[in-house]
Amino acid sequence: MTTPLLALTLHLEDVLVVGAALFAIGLYVALSKRNAIGVLMGVELMLNAVNVTLLAFSRFIESEQPLDGQVFAVFVITVAAAEAAVALALAVAIYKHRETVNIDEIDLLRW
Amino acid sequence: MIADNGIVIAFWLLAATTIGCALMVAAVRELVQAVLFLALTFVGAAGMYIVLSADFVAVVQVLIYAGAVSVLMTFAVMLTPAADRRNSETVFQVPALILAGLVLAIVVFVTLDTDWAISDRGAFSATAASLGEAFLKPYVVPFEVASVLLMVAMIGAIVLTQEDEVPPRRQEGE
Amino acid sequence: MTLNALRLIPMRSLLDLITGYWWDLRDFSNLTRMIYKHLEDWGFPDWSIYVISGLIGTLGIIAFIGGVAVINIWVERRVVGRMQSRLGPNRLGPFGLLQPVADAIKLMQKEVLQPASAPGLIYTLAPIAFTVPGIAVFAVVPWGRHAVLASLDVGLLYILGMSSLAVLSVFMAGYSSNNKYSLFGAMRVIAMLVSYEIPIVAGLLGVVLFAGTMDLQGIVLFQEENWAFMVMLQPLAFLIYFFAISAELNRTPADIAEAESEIVGGYHTEYSGMKFGLFYAAELINAVSVSAIIATLFLGGWWAYKLDELVPGWMIFIGKVYGVYFLFVWTRGTLPRFRIDQLLAFAWKWLTPMAIINVVVVAAEVLAWEESGWSAGFWIPVFIAVNGALTGALIFGFVKFFAPKFQRFPTRPRFYPDIDVPSLPAVTGAEFMAKGGQA
Amino acid sequence: MPIKVEPVEVNIGPQHPSTHGVFRMVAKIDGERIVDVKMVVGYLHRSMEKLAEERTFTQNIPFTDRMDYLAAMSGNLGYCLSVEKLANIEVPERAQYLRVIFGELQRVASHCMATGAFINDCGAWQTPVMWCFRDRERVLDLFEMTCGARLTTNYMRIGGVAFDIPDEFLPALEKLVNDELPKAFEEYEELIVGNEIIMMRARDVGVVTPELAINASLSGPMLRSAGIAWDIRKADPYCVYDRMKFDIPVGYNGDAYDRMTIRIEEMKQSLRIIRQAVGDLPGGAHKTDVPLAIRPPAGEAYSRVESPKGELGFYVVSDGGPAPYRWHVRAPSLINLSVLREMTVGQTIADAIVTLGSIDINVGEVDR
């Protein structure tokens, strides 16, 4: 048997690092953005990172029910969709009342 | 461990796309462009899901995230005035950057430090049918709760965005 | 050999002569199988066979789509021309067949103008992103019993995801053009997508429930197995999908995103040259890919009762695709356009409830089928009758109870044989009706 | 609390597929809804009324072709009537009948165009326009047969008509009036009047109240759709219209749909008039002898005809010279257009386009 020209491998750790990077970017976006919709985008990025991680575990980890990771991912997507709908509705509702979506200026609960 | 050259190359290409687009979400100045890059991030993530042999989740991701959530976000962005469509940062930019870096460092450290129980199961074949089984047998309660949640979210969104006073509109024929 | 001698040989045995050889293009798998065999003999590794056969399939599909995009310009203009009591393109080449070539040459020669303030990347990517999903859909569409590029387990969901991506690219085009008309088109598309995604998915759910699979090949095999086109089992789903997808395709009566008479060209107002040409071609490609989906899901794809034993499956398939495509051209050439609020109301008040009722009924039917244990031979005719009746009843009921009510006054004018000049102002409609409708 | 918005200003026109020429509509739009509309006319202004003062009375007839180029015959007729009134010229009987026939044929042609273009504005993809053009072409063929021109006919003359009809004209006209056009109108009834989408798009859109119609001095189908029975052919008969039997279709709601149905019914009534006129067509001269450089006595005259668009009036002042001292045209398109703001504010853009289409303006006539 000849040695193959190229023998690349993909390990669980690789995928988890990619997921972590995605999560960190999402965290940064969520914490730093001024616009409420920008914050929401960060949250969505973090949820995606979580999904990547879940699916990686489902694919690589020894388990009785390996598909559970995928089931969880679908639940995450479902909840994320619900969350996006409500959050965007909130953004629009806040805009209606305060005429801004900048989270700096949304300070109703400050005192 | 996946030891298939094509799949590994595909994964790294997709990972680069995804993370690059995610960085663009953080970097671009226009909120609408950020949403479009976000959609591209979602598509890239869907590609990674396929590499991780989760075809159902990947397709659902494209359908719901790239197709619906990003469209919804565009809608919300376009509803806000043009002056607010900048993708600017608050004063917390530097702390956020530090915090995100810390989180990344910790997670990477933990990931590399842990001894994972790796299986050599290989890729799943088609997952849609077995996922369906899982939803309707062991996970039927969460499944129903999720559907109730979606319903509640829908009603909540309608209530939140409802116009308080309905402007007089001409008879539209309904 | 004389002609008479030829007649003596039965048709079947002639076909048997070529059966299985690579030139037997009734089934594309013969060709690819031959290539596999040679590659294996030459000692290629396994994955290269995978890649090469995939490349062959992809190139074949792209060639088909390129041909379609060219020929459909002619088909559409010619058919619509006939409907409009004129000839259509008939100057270049036989029957004007070279007209699309001339169109393409003209478009390529034109200067590509770009608005100075447009975000260049999005502006350039939009036509490409609009074209790709229409082509990508063909990856899962079966062309014959063995000819399918990717027999995806979640084929139908894949198609839905792809078609929703196309709409995002329309928004990209409209937003990046920095033109008010384009932005109107883009916003209309977004509003329409949010509304029409639901009836599309809910409508197709009935098909999936019956077939028990989301694999397109599996759906075709289900139809073959049960000896019935899905359109007979699911007429309501067919109608819902047809109307909803023609909205997503931006074709009349739902072409509000590029409503020429209202917002000039909608999202592609600012595009010129080959970028516009790409939009134009992508519109045709999307129409054909949707026709292919309808042909596969509802009309049996490559299967057509006994016909597919005589005629190659891909010919049957293309025939069906063009049959459905003709329906699209027909509606386009016939109907005026809805207003956007009417269109959204149509999605929410008509299509969505109908689709949900349909899903419930189909679920009950499938349950009855599974639980009773009776054969398909009994249930399929029953389902055809029940679903046909349901479709009729739902459409009749919705028209009867939810149709727009305008009949406050008669639709036709009243007639005055003579006018009484000093009596102005004359009777208004309300007064006229109060007096009992007598002129 | 409704979302606070900044209205967007959108220029509909001067280069827009639905403005039927170079007409500009500056619309302030909140979402899809129109808040305010400003009309800008004058892109096609050719200064005809001033130019006419330098040309003889006869030379001015071609100008009337080019005002409402979709209804050239009506323009010719109205102008000639005004000069005849000024110079007290008696027109032969045959010429009067021919004028009625051609005026009504022109009404059919113009209304065909208006109906087709209106449905195109509703969003149909050119098909109704092509079908309506088919019928309009048949009428234009007759024009060509008689005077050699299809669009800018220049057919009427002061004191009669330019040419007598050729021999093959009457058989062709009878075929058209008794066979082809009635069949076409049946098709319109089925395909257009009964079309659900057109009902949804055109009913309750662009409503004109009777008060508004009278205050704004509207005329033609715009006025009749508001429920007011008014037609110059009945109210102030010219030529031989007092001998014809015909009905005036009058609408109920004043909306775009009513205007469309009224146009279709008017076409049928036009056929009725043409049949009567052909039946009574007398022999004799088609023109009295009038000098080409006619010098009417000093004075002024106003005459009006019911053009397809509405009341088309010509006001001519003569100082005894060969050219008019002052010439003014009461253009129905311009006056009908003046209520566009009242009709469109509060509607969507799509409705505004339908409304504009239903007014049936001709920018050549609006700007003159």
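Each chain gets a letter, A, B, C and D, in the order it is written, and its residues are counted from 1.
Following the convention adopted for this analysis, a residue touches a chain if its C-beta (ideal position, glycine included) is under 8 Å from a C-beta of that chain, and two chains touch if they have at least 3 such contacts.
Note that the structure is a prediction, hence the values are computed from the model and not measured.
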| item | value |
| --- | --- |
| Between the pairs A-B and C-D, the one where more C-beta pairs touch | A-B |
| Distance-to-centre winner among chains (Cα means, whole assembly as reference) | C |
| Distance from the mean Cα position of chain D to that of chain A, given in whole angstrom | 64 |
| Centre-to-centre distance between chain B and chain A (centres being mean Cα positions), rounded to whole Å | 6 |
| Whole-Å gap separating chain A and chain C, where each centre is the average of the chain's CA atoms | 34 |
| Centroid distance [mean C-alpha coordinates] between chain D and chain C, Å | 42 |
| Set of chain B residues in contact with two or more other chains | 4-5, 56, 60, 68, 72, 75, 79, 81, 127, 173 |
| Junction residues of chain D - those touching two or more other chains | 1-3, 200, 203-204 |
| Multi-partner residues of chain A (at least 2 other chains) | 4, 92, 95-96, 99 |
| Chain C - residues contacting chain D, complex | 80, 83-86, 180-181, 184, 252-253, 255-256, 259-264, 332-342, 404, 406, 408-419, 421, 424-429, 432-433 |
| Contact set on chain D toward chain C in their complex | 8, 10, 16-18, 32, 119-128, 130-131, 134, 193, 195, 197-201, 203-204, 209-211, 214, 224-231, 234-235, 245-254, 257-258, 261-262, 265, 348-351, 353, 357 |
| Complex contacts: residues of chain C adjacent to chain B | 47, 51, 119, 122, 152-154, 157-158, 160-162, 164-165, 167-168, 171-172, 175, 187, 190-191, 193-194, 197, 214, 341-342, 345, 349, 402, 404-406 |
| Chain B-facing residues of chain A, complex | 4, 6-18, 20-29, 31-35, 37-38, 40-41, 44-45, 48, 51-52, 55-56, 58-63, 65-68, 70-71, 73-75, 77-86, 88-93, 95-96, 99-104 |
| Partner chain A, residues of chain B touching it in the complex | 1-5, 7-9, 11, 15, 18-19, 22-23, 25-26, 31, 34-35, 38, 41-42, 45, 48-49, 51-54, 56-57, 60-61, 64-65, 68-69, 72-73, 75-77, 79-81, 84-90, 92-93, 95-97, 99-101, 103-104, 107-108, 111-112, 116-119, 121, 123-124, 127, 130-131, 134-135, 138-139, 142, 146, 149-150, 152-154, 156-158, 160-161 |
